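You will see two complexes here that share chain A, one where it goes with chain B and one where it goes with chain C.
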Partner chain A sequence: IKSTKKHCFGKLRLQKWYTATAERDKKKMVRELMQIVLARKPKMCSFLEWRDLKIVYKRYASLYFCCAIEEQDNELITLEVIHRFVELLDKYFGSVCELDIIFNFEKAYFILDEFLMGGEIQDTSKKSVLKAIEQADLLQEEDESPRSVLEEMGLA
Partner chain B sequence: MPAPIRLRELIRTIRTARTQAEEREMIQKECAAIRSSFREEDNTYRCRNVAKLLYMHMLGYPAHFGQLECLKLIASQKFTDKRIGYLGAMLLLDERQDVHLLMTNCIKNDLNHSTQYVQGLALCTLGCMGSSEMCRDLAGEVEKLLKTSNSYLRKKAALCAVHVIRKVPELMEMFLPATKNLLSEKNHGVLHTSVVLLTEMCERSPDMLAHFRKNEKLVPQLVRILKNLIMSGYSPEHDVSGISDPFLQVRILRLLRILGRSDDDSSEAMNDILAQVATNTETSKNVGNAILYETVLTIMDIKSESGLRVLAINILGRFLLNNDKNIRYVALTSLLKTVQTDHNAVQRHRSTIVDCLKDLDVSIKRRAMELSFALVNGNNIRGMMKELLYFLDSCDPEFKADCASGVFLAAEKYAPSKRWHIDTIMRVLTTAGSYVRDDSVPNLIQLITNSVEMHAYTVQRLYKALLDDISQQPLVQVASWCIGEYGDLLVSGQCEEEEPIQVTEDEVLDVLEGLLVSNLSTPVTRGYSLTAIMKLSTRFTSVNRIKKVVSIYGSSIDVELQQRAVEYNALFKKYDHMRPALLERMPIMEKSASNGPTEIVQTNGETEPSVEPKHPPPVTQPANQANDLLDLLGGNDVVPVIQTTMPTKPASAGGELLDLLGDLSLSGGPAPAPAPSVPTSQPPFLLDGLSSQPLFNDIAAAAIPPMTAYNKNGLKIDFTFERANPNPNIAVITIHASNSTEADMTDFVFQAAVPKTFQLQLLSPSSNVVPALNQGTVTQVIRVLNPQKQQLRMRIKLTYTLKGSPVQDLAEVNNFPPQSWQ
Partner chain C sequence: MPAVSKGDGMRGLAVFISDIRNCKSKEAEIKRINKELANIRSKFKGDKALDGYSKKKYVCKLLFIFLLGHDIDFGHMEAVNLLSSNKYTEKQIGYLFISVLVNSNSDLIRLINNAIKNDLGSRNPTFMNLALHCIANVGSREMAEAFASEIPSILVAGDTMDSVKQSAALCLLRLNRTSADLVPMGEWTARVVHLLNDQHLGVVTAATSLITTLAQKSPDDFKTSISLAVARLSRIVTSASIDLQDYTYYFVAAPWLSVKLLRLLQCYPPPEDAALRSRLTECLETILNKAQEPPKSKKVQHSNAKNAVLFEAISLIIHHDSEPTLLVRACNQLGQFLQHRETNLRYLALESMCTLASSEFSHETVKTHIETVINALKTERDVSVRQRAVDLLYAMCDRSNAKQIVAEMLSYLETADYSIREEIVLKVAILAEKYAVDYTWYVDTILNLIRIAGDYVSEEVWYRVIQIVINREDVQGYAAKTVFEALQAPACHENLVKVGGYILGEFGNLIAGDSRSSPLVQFNLLHSKFHLCSVPTRALLLSAYIKFINLFPEVKATIQDVLRSDSQLRNSDVELQQRAVEYLRLSCIASTDILATVLEEMPPFPERESSILAKLKKKKGPGNLPDIDDARRNVNGSTEHSENTEAPKKSSPSLVADLLPTNRPRPASSSPIMRSAGTMGTTHPFTDLLNLNATPSAGASLLVDVFSESPAPASVDVCEENFLRFVCKNNGVIFENQLLQIGLKSEYRQNLGRIYVFYGNKTSTQFLSFSTSVASCDMLKTQLNVHAKTVDPLIDGGAQVQQMLNIECVSDFTDAPVLNIQFRYGGTLQNIAVKLPVMLNKFFQPTEMTSQDFFQRWKQLGAPEQEVQKIFKAKHPMDTDVTKAKILGFGVALLDGVDPNPANFVGAGVIHSKCTQVGCLLRLEPNTQAQVKMYRLTLRTSKDTVSQRLCDLLSEQF
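Right, the complex of A and B next:
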C-alpha cells in the first residue's frame, strides 16, 4: 500500500503516506483523488486506475477510506485490509462514528500505525493489535498519574 | 501566559467557524499562540501544542515551524511526548529536509529502550519514513531486533527491515542470517511480516531467490504453513468469515508465485496445494474470493500444468458471473493478462465477457471491451462485431475513439468479405464518426481504393450518408474523396450490390458545394471537397460549373483553399492538356503491415492525394558517421543524404511531378526505421513512405540474378535483387552476410554509399552477429532509387569484431547485373 486516506465529502480526516513525497505533491494528489472518488456513483466498483496506481476505496457511512496500491497488489484483499482497520476503530471507540475520528485523530493514527507499517500488515490478529494499543494507552496514563499522586501527597 | 488550550477544545472551536476566512483567522491566532509557547521552551505543554499543530496541518495549514518541536518531544522521557513526537515526525518531516537526520540518534536510543512500546514507536517511524542515511545508520539495530524472541518486536523489525532494503538494497545481505528460523514462529504477526520480508528479498535479488529456493527449501515450508491454515480448525483470533487468516494465505500465495516463476521444481512442489486452495476455498464472501484471486494469479505465473491453468481460468469465468462487481472487474483484468497465452481457454467465456459490455460500471465496460477485441478471430467476427457495434452506438464518448479503432483493426484482420468490411466501416463512421482517429481517414481511403469491385457500392452508400448528415468530419472527408474519385460511377447508376440510385451531376455538385459553404465543415474537409469537385472535372460533363466554383474560391479567405483554387484555376487555364492525366483514377495502393500506418507509394503524380503523410523519423545517426562515408567516397561525386526536411507545402499543380522520395538517409548500422503514426490535420502532401518491413508482391518482372559483392577474410556478402512494386526506379537489394571463419563476427555493421544521382536507404539489419562457420546469415535491405537509370555503383564499408579485435574494410561494388539498374 502506498497511501491510505480517509475523507468525508471533501474534508480529509486522516492521511498516511508510505513513500517520500513533497508536501505540495501530496496536496495535489489528495485533491485529485478526492475529486475522482467523490464522483463515483454507488453502483460502480471499488477499484479505479489513477496514474500508475490502483485505488481501492470503500465508503462507510459518511467516510470514504481509500488506499493506493501498486500494480501487483491484490485489490480484493485490500478491501479486507480497509475493513479490518474500520473494525479496529470500531472496537476501540465502541461503534465508531466520524466525530470520534475527528476529535481523536491522533488515536486513529496510533491504531493505524499499530496495524500497518510501510504499507504492510504488522499483525493479522485483531486482538493482538487492540491489546498493544490498550497497553500503550495505559503507559500514557501512567505518565499523567505520578503528578497527581505527588500532588495528593502535597509534595508537588 | 495562560495555559494553551487543549486539543479537543481547539477542534471544537475551529469546527464552529462558518466560513473559510473565519477558520483561517482562528488558525492564525492559535498558531501565533503556539509559536510563542514554543519560544518559551515549556516542556509541559509542548505535546499539546504539537498535537494541535498536527490537526491544523491536516486541515491544510502550514506547520513546518513545529518540526524541531517534534524532535524535542521524541527526545523526552515521557511516553506521551514520544508518541506525539513520532507521529509529528511522520506527518511533518520527510527525508528531503536535513532536519530529519537529527532524529537518528533518538531513534537509536529508543530502539534499545526498556519498554517495548517505545521500541515499537521507533521501529514504526523508521519503517515508514526513514531515509537512506538513517537506514544505513540503524540497520544494525533493526537486524538485532529481528533476532529477538519478543514477537511484538520481531514482527515490527521484519517490516522495518523491508523498508531498509527498499531504501538501501545493498544492505539486504545483512538480514539474511536472521531470516533462518523466521518461518518456524507460531505467531501470525511474525509469520506474516516474515513472508513480506522474504518476498521483498526474493523480488529484489535473483541470487537471494535462488538461495531461498535451493538452500532454505522455502517452498516446502510455505506449503506446510498454508496447508495448516486451511486444514486447521476454527481459530477465533485469525478468523475472517470462516477463513483462517486470509491475509497470511494471500501473502504466502504471492511468495509462492515468485518462487515458482520459471522454475519447474518449485512449481511442481506447489501444484497440489494450489489445487487444494483453488477447490476448497469458500467463495460466498469477498475474503474467499480474494484468496482465489491470488491463487489464480499464482497459477498463471508459474510453470503450472495445463489442468491447473484450466482450473484457474474457470475460476475467473465463475468470477465473471458473480454478482459482486468488484469480482467481475478483477476477473476481466486477469483474463486480459492471460488472453494471449491461454487464448482458447478464455474463448470459452466469450459470451459472458461480451455481456459485461452492458455493465453499468465504466471500468468493467472498458475491460470487457479490450478483452472482446482480444478475442475476435476469423470464426467469431460476425457475431462479435454485431455486439461491438451495438456497444459503439450506446457507449460513453470516452470509449468511442478506442472502440472505433478496435473495430477498424479487427475488421481489417478478419473481414469475411469486402462488402461486409465496407458496411462495417460505414456503420462506424455514421454512428461514431466524430470520434474516429485522424489516421483512420487515410486508412479507410486506402481500403476503399483497393476494393475495386466495391467502388460503385461504396460511393453510393457514402453519398446517401452525406445526404443525411454532414456533421461528422471523418465521414464527410472519406465521402468527398470517394465522390471525387468515383463520381462517374455514381451518376451512371452502376451499382451491383444494391439498388442503384438516380443522381445527376448537378445534385452531386450541389452536395459538394454545400460542404464548402457549411459551418459544420472544418478547413480540412473543405479542402477535400474542393479537390473532389476538381477531380470531377474529368469525370463529369458540367465542367463550366466546376470552373466557376474553383475560380470563386481563388479569393477565399482560407489560405489553404485559396491556394488550391488558384492552382486548379491554373490547371484549367494554362495546363489543360495535363489535367486528365493529373486527375485520373488513383492506383491501388501498396499495403503495409496491418498494425502500422498505411504506407502509400504514389506513382502517377496526383496533384492532391488526400492521404495522410507518413513522416519517416529523423535520422539519429551521429553526424560523424556520415562524415566517415564522405571520407570513404572521396568527396565530390557523392552526396550522403542524412536527412532532408519534409516538403510541407501541398503539392503544387501545374506540371510539377513531385519528388517521390521525401526523406532518405544514408545510414550505417541499424537504420532507424520504426514506422511512426502521425495523425495530423495538416493538408496532406505527397511523400514516399518507406516502411521498415517492406512487403513486396512477388515480382512479375523478370528475376534479377544475385551476385557476390564482397568475399574476403571469411566474410562473404551476397546481393539479391527485387524490383519495388509499383515503382520501377527503385531497386531493392537484400544483402546476405555469411561468415566462414571459426569465430562469430560481432558488432557487425554494414554501410553503403552511392553516387549523387542515386538515393539510398538502408533498413535495419536482422542482427549484428554473423555466426561462425556459415551457420547463419545476417540480412539487411537496401533500397536504391535510380531515376536516371544510370549504372549502379556502390562503395561499401564493413566493420566487425573477430576474436576480440576490430576489423574494418572498404570495397567497391561494380559488378551489378544490368537488369538491376536498367
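Right, the complex of A and C next:
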C-alpha cells in the first residue's frame, strides 16, 4: 500500500503517505484523486487504474476511504483493510462519525499507525490493535487528570 | 473501552477546531488560522518557558492547520522537544507531528534521531513502538544509516515483546524499500524466516510482509521460507473458521496472512520437493473448493475476504503455470465471476483472465468465454470494467477468433469512451495486422479505423498500413481501389487523405485502367481535399502530385498548372512553397527517364517490429501488456507464421522502430540537394542529383526526403517577443507555442546569475531527442559566460523538465545569448530559438545614498560621453507606483527626496562584472503637462557603453 487517505466531499480529513513524496506532488495527487473518486457513481467497481497505481476506494456515509496500491497488490484484501480500519474507528469512538475524526484527528492517526505501518498491515486482530490504543489512553489519563478547567481557559 | 468525550485532553484544540468549523467563508477561516498562528508563534517565542502540555497543544494545533492544507513553517523544534518528554502523550504528539510534517531531508533529522535512539534503548515497549513507527513513517536515508543495523537485533531478540517485533519487522521492511543498501543481511535473516512459525499470528503477518520484500530482492537467501510458508498456509486453510479466534475475519480464517503467504510463494517457482509440492497443490485445491461452498455469511466482507484469498491463489497458480488442472479450474472459476452481480468481481475476473489467456494450458478455456466478454463490452456501465474487457479480448485473440474480435472492437469503438479510444485503435491495428490471412481484410480494417475514430489514429497506425501495402504486392491494387472509394465520401478524415494520397501516388496506376478512376479523376479527387488539409498533409499531397506526373504523363499539364498557381508558388508556408517550386522545376526540366528514376516506386521497407506494438507497450507499460506473441506461439505451435510473410515477430530491444522516413534521422545529403535543385535555377540543376542516383541507395534516400514533413532546420527565427518584458522582472513565461511552454525563474547576485528554465510539454505526446544549447555571438562570448546543465532528452506529454543555466558577467555587454531548442514531436523535428533575457541591468546592486552624495557624484560624472539622455513618448499610462516598481525591478535603489521635483524618479546602483564595477545614476522625468505624455530619461555612468545600454533597456519600459 502506497498511501491511504480519506476525505469527505472534497475535504481531506486524514492522509498518510508510505512513500516519500514532495508536498507539492501530494497536493496535486490528492486533488486529482478527489476529482476522480467523487465523480464515480455508486454501482461502479471499487477499483480503478491511476497513473501506474491501482486505487481502491470505498464510501462510508459521507466519508470516502481511498488506498493507492501497486500493480501486483490484492484489491479485495485492500478493500477489507479499509473496512477493518473503519471497524476499529467505530469500536474506539463508539459508532464513529465524521466529527469524531475531525475533533480527534490525532487519535485517528494513532489508530491508523497501530493498524498499518509502512503501508503493510501490522496486526489484523481487532483486539490487539485496540489493546494497544487503550493502553496508550490509560497512560494519557494518568498524565492529565490533575489539570483543571481554569488552567485550560487561561491557556486557550 | 475508554469513553471518548470530545475534546478530552486538549480543550483549547477543540475550541479552535470548532471555531474553524463555524467559519462561514474561506476568508474567515484563513483569518482565524492566521490569528492562531500568530498566537502560537508568540507563545513559542515568548520569554516564559512553555510546559509540556502547552507545547503539545500548540503543536497539535499546528498539525491541524497543516492538515487543513496550509503551510506550516515553524514549530518543528518544539515538536522535537516533545520527543524527549517522559509523558507518553506528549511524546506521541511529537512523533505524530514529525511523521506527518518532517520530510526526509530536514535539518532536524539529527535531533530526531537522538530522541529515537533514546526511546529504542528505553526497553519500554510503548516508547520503542513509537520510535519504530517514526522511523518507518519518515524512512529517510539518515534514519536508515542510524538504525538499520540496530533494528534486526530488536526483531530477533528472544525477549522482545510481540508488538515490538511486529513494528520492528515492518520498520525494517520500510527501510529496505527506501535504502536497501543500508540494511545489512546476515545471521538474523535465518532467524527472521523462523518467525513464520511464531505462535502470534500478528508477528507472522508482519514477518511475512518483510520476508516477501526481502525474498523479491535476494530469493536464494530466503529459500527456506517456502516450506514454512506452505506449512503455515496449510494449517490456515484446513482450520475451522473459529480456530484462529480474533484472526478470523467474517468467517474466513486469517485472510490477510493467507494472501501474504501466497504472495511470498510467488517469489519462487513451484517447490521442487514432491511432498511439499503436493501439499501446496492440496492447499490451492482447498481454496478453489471453498469458492464453491455456500457462503457462511451474506456480508460482503465475507465474500471479499474469501475471494481475496481465491484471487491470490489463482495468481500463484498462474505464476507457477505448471498444473493444467489447476489452471483450467481457475479459469472456470473466473468464468463464473464474469457473470457475478458484484461489479468488483467481474472487474477482477476480467483482469485475472487476461493473464490466464497467455498460458498454454488455459488459453483455450479462456477462449470459451468470448461471448460473455463481448457482452461485457456492450453492457457494462463502468468504463474501467469495459477497459478490462477490451484488454481480455486482446489477450485471448488468435487466428481462430480474430475476425470476430476485431469486428466487435470496431463496433465498440463507435461509442467507446474517449479516454480509451486511442488504445483500442492501437489494439485493433495490431490484431488486424497480426492475424491477417488476407490483407484485403487488413486494409479494410484500418480504413474503418480511420473512418470511425480518425482523430485517435496515430501516425504509427497510418504509417504502418502504408508500409505493409508497399511491402505486399498482392494487396496494392486492392488498397488503391479501396482508398479511392473511401475518398469519395464527402467528409473524410485527414488521416484518410494522407493514406489515400500516399497510396494513389504510389499505386494509382493499378486502378487507372477503369474510366471511373482515371488519372484525372484520381487527381481531381485528391485535389478536392487539398484545401481542407493541414500543411503536412498538403505537403504529402504535393509529393503525390509529382508522382502522378511520372505515373500519368497525360495529367502532367493539369498538375503543372496547379503547382504554378499563386496559392502554391507563393504559399506563405516555406515547405509548401519549396515543394511546389522544386516539383514544378523537376517536372519541366527532367527527362522522362530521370523522372522515372527519381520518382520510382518506394522500395520495400525493412521488416521491423511494428511500431504500433511499441507504442502500445509504452502506453501500457511493459508489465501490463500480455505478450500475445509468446502466447500464440505456445498455444498454436510454431506453424502460426507459416502463411505470414512477415517474419520477425520477437521483440527487438529497440522498441521504437521507426517506420517511415519522417521518423528516421534525415540523410544529411538529401535535403540540401533538393534545395539546390530549386535554387540553382537553370544552370546545372540536376548534376548532383544524377550523381547521387548513380549509387543505388541514394535514390531511395532522396525519395525519403520527398516525403519528409519538416522543413530543414536551416534558419530559425529567434523569438524576441517577450524579451523586453523581462528587463524589470526575473520570472515568467518567455516563450509559448502550441507544443511547448518555456518559463524562467532567475536570480542574480553581484556578477553571477542563475536561471532555471522550465520546459513544459503542452501536448499529450512525448517529446523525443529533446536538447538545448545556448549560443552567443563572438563578442558576447568574451563578455558573458553561460553554462547550461544537461537536460532530460525525453519530456512526457503534459510533463515539465527543468534546466539550470549558470551565468557570469565578465564585462559589460549589449547583446543577449540565444537559447536553441530542438526536439522531435510526432516524427517532426522542431526548432525553436529564444533570446534569453540576460541583460546588463540584471547585475545591478542597488545603492542607497543621500541627496548630497547623489548630486556630488552626478557632477563627477559630468563628461559628455558619460551621460546618455533620451526623450520618448509614454507607451503606458503614467502611474507612479508602477513606475517605481519598474525602476526597482530594473535593479537600482529608488532614492526618495533627492530630486527637488517630487514627480521625478531618481535611482542609483552598481553594475557588477568580473572585471570592474560601474557606478550608475539615473533620473526619469515624466512630463504630465504635455498633450502627449513624454518622459525624459538620463543616465550617467563611468562607462559610455553601459550608459547607452541601460538607457536603451529602460526607455522601452514606460
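We adopt the following convention: the second predicted complex is superposed on the first by the 144 of 156 C-alpha atoms of A that agree within 3 Å, B and C clash if a C-alpha of one lies under 4 Å from a C-alpha of the other, contacts with A are read in each partner's own complex, and residues count from 1 in each chain.
Just so we're on the same page, contacts are C-beta pairs under 8 Å (C-beta built on N, C-alpha and C of every residue); 3 or more make two chains touch, one makes a residue touch a chain.
Nothing here was measured: the structure is a model prediction, and the numbers come from that model.
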**OP:** Check the residue A:K28 against both partner chains and state whether it touches chain B (first), chain C (second), both, or neither.
**Re:** neither
**OP:** Based on the superposed arrangement, let me know which partner A:C45 touches: chain B (first), chain C (second), both, or neither?
**Re:** both
Original post:
Does chain A have more residues touched by chain B or by chain C?
Top reply: C
**OP:** Could you say whether A:Y109 touches chain B, chain C, both of them, or neither, answering first, second, both or neither?
**Re:** both
**OP:** Go through the superposed model and pick first if A:E134 touches only chain B, second if only chain C, both, or neither.
**Re:** second
**OP:** Find the residues of chain A that appear in the contact set with chain B and again in the contact set with chain C.
**Re:** 12-15, 18, 20, 22-23, 27, 43-49, 74-77, 79-81, 84, 102-103, 105-106, 109-110, 113, 117-118, 120-128, 132, 135-136, 139-140, 143-144
Original post:
Inside the complex, what are the residues of chain A that reach chain C?
Top reply: 12-15, 18, 20, 22-23, 27, 41, 43-49, 52, 71-72, 74-77, 79-81, 83-84, 91-94, 99-100, 102-107, 109-110, 113, 117-128, 130, 132, 134-141, 143-144, 147, 149, 152-153, 155-156
Original post:
Okay, in this complex, where on chain B does chain A touch?
Top reply: 7-8, 11-12, 15, 51, 54-55, 58-60, 78-80, 83-84, 87, 90, 94-96, 115, 117, 120, 123-124, 127-129, 131, 152, 155-156, 159-160, 162-163, 166, 188-189, 192-193, 196, 237-238, 240, 245-248, 250, 254, 286-287, 289-291, 293-294, 297, 325-330, 360-364
Subject >> Complex interface listing, chain A residues touching chain B >> reply: 12-16, 18, 20-23, 27, 43-49, 74-77, 79-81, 84, 102-103, 105-106, 109-110, 113-114, 117-118, 120-128, 132, 135-136, 139-140, 142-144
**OP:** Under the touch definition given earlier, write down the residues of chain C that touch chain A in their complex.
**Re:** 1-4, 6-7, 9, 11-12, 14-15, 17, 21, 53-54, 57, 60, 63-64, 67, 69, 87-90, 92-93, 96, 100, 103-104, 126, 129, 132-133, 136-137, 139-140, 163, 166-167, 170-171, 173-174, 177-178, 201-202, 205-206, 209, 246-247, 249, 254-257, 259, 263, 301, 304-305, 307-309, 311-312, 315, 343-344, 346-348, 381-382, 384-385, 387, 621, 623-624
